[in-house]
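Same chain, two partners: chain A is paired with chain B first, then with chain C.
Moving on, here comes the complex of A and B:
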């Protein structure tokens, strides 16, 4: 028996992205993955802004079952599909962002199989001629923690989602049968298939996050993993190098329906650990008919995959062109109009932040992770520039404010529940720029800047939503006092309170001055500025 | 008087607007004819006594309000083939497709074409019998039993829109809608002495027509005269955003120009129309029609449709392939028949038993055929080959209309229309073909090509075959290029004026 000397992982990824169109793929019924869907219009407590709906609970629970339906969604006799153009345009954008070509002609096919969550007993999909094909993206281009790596995209095609089978009553009661919620049925799904170009789980997760950010920037998806907006299906196998130098390829395992980055990573790492042992045990190698399908169980420790029935192999889907739908013909004018509408993508922005503003790769990555936060950051920079700052300095200081004061408040508010975005804290970019300007002028201390940030966040109990940071600071006496007499008074008080420290400084132990600065700051009740106090103390204790 | 509708739809409308008759009177006469004749003919599967009278009363109120614009189909009583959706709010309507699986199905919406008729002032009086899911040529494959031919009750009235044809021929309604996938309007019209028009594919919205074969299905009207046919066709044609295959064209007006003959009319009669399988009466009717058109000044030329012989094979591959997919939704999960299950039964049993119990033998046969031709390994040999044949069949017609026939030894005339029989023989006896599906399929030999090519065609009453005590109608069809519904109705009108076949009504006791 040979020993395995080396294991090289090979992964290809399929991603299903639920597109955030207002209506479904082939009908006018509202799309649960669409922005704002599931928030009752008459509910005064409901968030008003589109972007806030992502804080809402999952559409599956927020929207009563079987309410986002119509005859087409249910596959009633006589109902017909009509293609949602917005879904096609969103898909073209995502495809272009992934470097894909857009097919001048793509087609809708019917994929036939019986399952209780599939209303027509066929799914409308694109089998022979996908909308987007033959693309590639670069990984590791930003923060330098991974070597740059090219990931090929085989295709990105559109299809419709199925409904959801439930095995307990709404609310959790036991039932002896299954029930179906059709709200999700007909939701537009973009399926993206990569080449098997990944060599470790980090790369796969980086790609998945990059894809999520791209979709968010394009408005193609909110990318809320908890709502199932993205589902991953990695195809995993290993190249085993044996101690005699021969190599063996293990059979491909497809892990179905992973809906978090954590489970995606977990499933790949689990398979990397397990596949060499599986081969030693059964001797099965890559070849026709050896592919298996596994599910993911994250309940057990770090999680594990488990075998599922190989239903794929038993099926003949009998694909044929859907006679109810015309082919999608994309002419150059349409294609170029969509291309022109694509905003600057997150990877490009990240590079720009690093180059122009001197941010670290990690800082830049956090700022581009979410479209709203990113646009918020850029608005803050513009507001700083309006207030007379140069772009580079504004970029640096706005990043500090958002990543420190902002992230702190967002974390406090989220308190372990659903994440809260800095852009949703209720403080406007102009207000942050005002704080930064005060700080730049030396009018406030860094502690005061953070305090002001907190005061201007919602729910605006202490200060009105449109409060001017300068006025708030002045009214609350937070402006740094440069009055020599006052500074001298605080320093004298500090020396009187800390005679030993004063003596130490006089004796040349300059580190003791910290205690005196602290005491003077305390005496100033936050109005003093540490640098000025330190200077004055040094003079007084010379 | 036995006929509820002695006049045309246009005459009815004038009489209503002149207050010589009320819509309620018209509707009562129609309902009375149904009540009297339906027990023996079995044309209607559901009759809307109350809803129709209510609707008629609304129309009478509208007529009384002289400010309201007069509607084009005012007071036209209409029967609907029961595979066309009608909102169940109307008289608790069912949309059954003559199938056990949809026996109790109530549609929450009305088909676009029907809505257009209602909006134009029509009154829906009944749903009519058909071969289950429009699969058949005799209206015998129905949970409601066969519909009988009003000209001879021992015979079928054709199919699959047999109930609609029978209802109009027997005077139960002024007109009817049917659906034509491979001849299901034209063939029963021929056997019931009616005009019926299958519009160009895409001309009439399929939204609300329960799909049999989506790339072939088209809704069309039955009527007793060309004018009514033109009126109804004008009303139901037009773009519908709910049907992606609907042509983006406005509704045509086929009525204003109807009486203007086609100048220098050229008709092509295909060599294939003189099949050895033709009943002599069919060939005689064709020859007589050629003579009539010649007298009218038309040039009648021989043409060739060299790929027509592949029509039946191509049709039964494409239609069954699409049907196997379209009918997969009748799975017992959301609606329709669901089998009683034992506790030990699983999901497979639910599907298999619900479908086995809910769908009839002809439907099951076509689903199996269609599933087979789409299955992996057979797809190219069957489905793709059938698509190729379909393109060639369409090209044959295009050549005839353009005068560019490839096989012709000399340059040919461009035809306005192709003239040929709708079926090789007159109506056959009930049960005669039931045990031999292949002979039933061959009934469609003259009609399927039109659907494969997506062309418009109109059936015209063209004579009778005297068989003992029976007088059996013979129909011919005129086939035109795409969107030529206007020319076709004008040619049919020329023929109608020159002959008296269509004025002959069945003798109904």
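Moving on, here comes the complex of A and C:
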């Protein structure tokens, strides 16, 4: 009986990204994953009322079931597919951002598929000639917590998504059959396949988050995990080093349909723990016919993978060229036009924030996590510069305001439901810049800056949408009072209210001054500055 | 090689992949039909195709792309009206119970 001395994890990843085109891949029925279809994830232009009116239905989709359909989606006789230009171009962009080459010629294949969530009995995909191939990305370049690591990209190809099969009645009742919703059928999917270059779960999750950021910046996907915009399928095995020095490779396990970073990490860590024991039990090693498919159950404790029944002849998909679709030929002019349209990518922005503004890796990572927030942050910096601040200071202070006052309000408003972005709070970048300017001038305290931020977050309720922070602060009496007489009056009042604390300070217990500062600040109704009050108290109690 | 039938095992596999439940008599009949079809197509193998590019599509055109503008849809009522007898379960379509992962990959 051997003992396992060491376990090295080997992971390759398949990712399905639902592209945010307005219409479907091969017909012009609206795409549920598109911007502005159903509940927009974070569209600041959309009035709140509209967002609520098209909220959830029992099917778990944003629009009523089986309404985003047309003859092509349903596979009706005579319906012919026509490829969506935007889906091709979004895929080219993502491929380029992943360092891929773009195929000069790619084409469409039919993959036999016998489940009713795709009614025409095949899925259109790219098998032989994918649109993007042979790329690589660098991990760990960001905050220095992970060593830099190169992840090869085998291919990124386009295919169509299937609809949704439901095995319970809407609302959860038991049914002895299944029901299908075809809204998602035909949504463009970009399938990205990496080399087995990952060696731990951290790397896989970092890659997945990087990919989501890239897709968001390119406008290629909304990247909302809860809506299934990204689904992960890691292929996991281990290299076991035995106590006698021999190595053994365990069979590959593919975990299907993970739709959160947490479950992706959980599934990989679970397999790393389980595979050595499985090998000790069954002795199976990597080889033809040993790959298995597992599902993920996150209900129990840390979660676990469980075996899924392999589909019969699962790999006999009988691909053949789709005669209804013309090949896609990408010439240099088209390729370069797309390349030129790619904006500065999140990883590069993150580095710039660290270098130019002195942000920590973590702060910078949060700011680039979402395209809307990132652009909002940059607008705030520009507005600060317009108000006479230097770029570096503006970058630092805008980050503080957004990551503290902003994040706090966003969390409050989300209250555990769908996440709310700072950029959707209602306060405009110019207003944040105005607050920062007031604070820089010493006209308001840091507490007041936060209070002003809150007041301007709910336009129409507390202040008009275009309210000027300086005017609001003045009208509400939030401007710092530097009047010596007033400061003395607040301090005297505090000493009178807290004679014991005053006596303690006089006796040399300087930490007791905190209570007096608090009392004086209260007496000032927020107009005093803690530093000035503390100084005055020290003088008075000497 | 004239019209050699498919083996029974191959015929069974093709039937399984096509989700067809065939009786033994039907399998016997179809293995002859399939053999005849394959034999007909097999004639192509006699041709010298060296230097001929594989045809990716029966049409010569490439890049038949549509602009990404949403168009008309069918309503849920139209779908229900089209559904085979007993399959309409508004707003869904009733299908046989699907066991296991049917999600496309």
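Details
Please note the rule applied: the second predicted complex is superposed on the first by the 479 of 542 C-alpha atoms of A that agree within 3 Å, B and C clash if a C-alpha of one lies under 4 Å from a C-alpha of the other, contacts with A are read in each partner's own complex, and residues count from 1 in each chain.
The rule we apply is simple: a residue touches a chain if its C-beta (ideal position, glycine included) is under 8 Å from a C-beta of that chain, and two chains touch if they have at least 3 such contacts.
Note that this is a predicted model, so its numbers are computed, not measured.
In the superposed model, A:120 lies in contact with chain B only, and not with chain C. In the superposition on chain A, contact of A:257 is made with chain C only, not with chain B. Contact with neither chain B nor chain C is seen for A:239 once the two complexes are overlaid on the shared chain.
By the touch criterion stated above, A:82 is placed in contact with chain B and with chain C alike.
Contacts of A:65 after superposition: chain C is touched, whereas chain B is not reached. Once the two complexes are laid over each other on the shared chain, residue contacts for A:530 go to neither chain B nor chain C. With both structures placed on the common chain, the touch criterion links A:74 to chain B and to chain C.
Once chain A of one complex is fitted onto chain A of the other, the partner contacts of A:316 extend to both chain B and chain C. Measured by the number of chain A residues touched, the leading partner among chain B and chain C is C.
When both complexes are overlaid on chain A, the residue A:4 reaches neither chain B nor chain C. In the superposition on chain A, the residues of chain A contacting both chain B and chain C are 71, 74, 82-83, 112, 114, 116, 180, 316, 318, 323, 325-326. Residues of chain B that touch chain A in their complex: 84-85, 95, 97, 102, 105, 107-109, 111, 206-211, 213-215, 241-245, 321-322, 324-325, 328-329, 331, 333-335, 347, 351, 371, 374-376, 379, 383. Interface of chain A with chain B (complex): residues 71, 74-83, 110, 112, 114, 116, 119-122, 180, 316, 318, 320, 323-326. Residues of chain A touching chain C in their complex: 14, 21-23, 27-31, 59, 64-71, 74, 82-88, 105, 107, 112-118, 123, 129, 159, 161-162, 165-167, 176-182, 233, 256-257, 293, 295, 308-309, 311-313, 316, 318, 321, 323, 325-329.
If you check the complex, the residues on chain C that touch chain A are 13, 16-17, 19, 56-59, 61-76, 79, 82, 89, 91-105.
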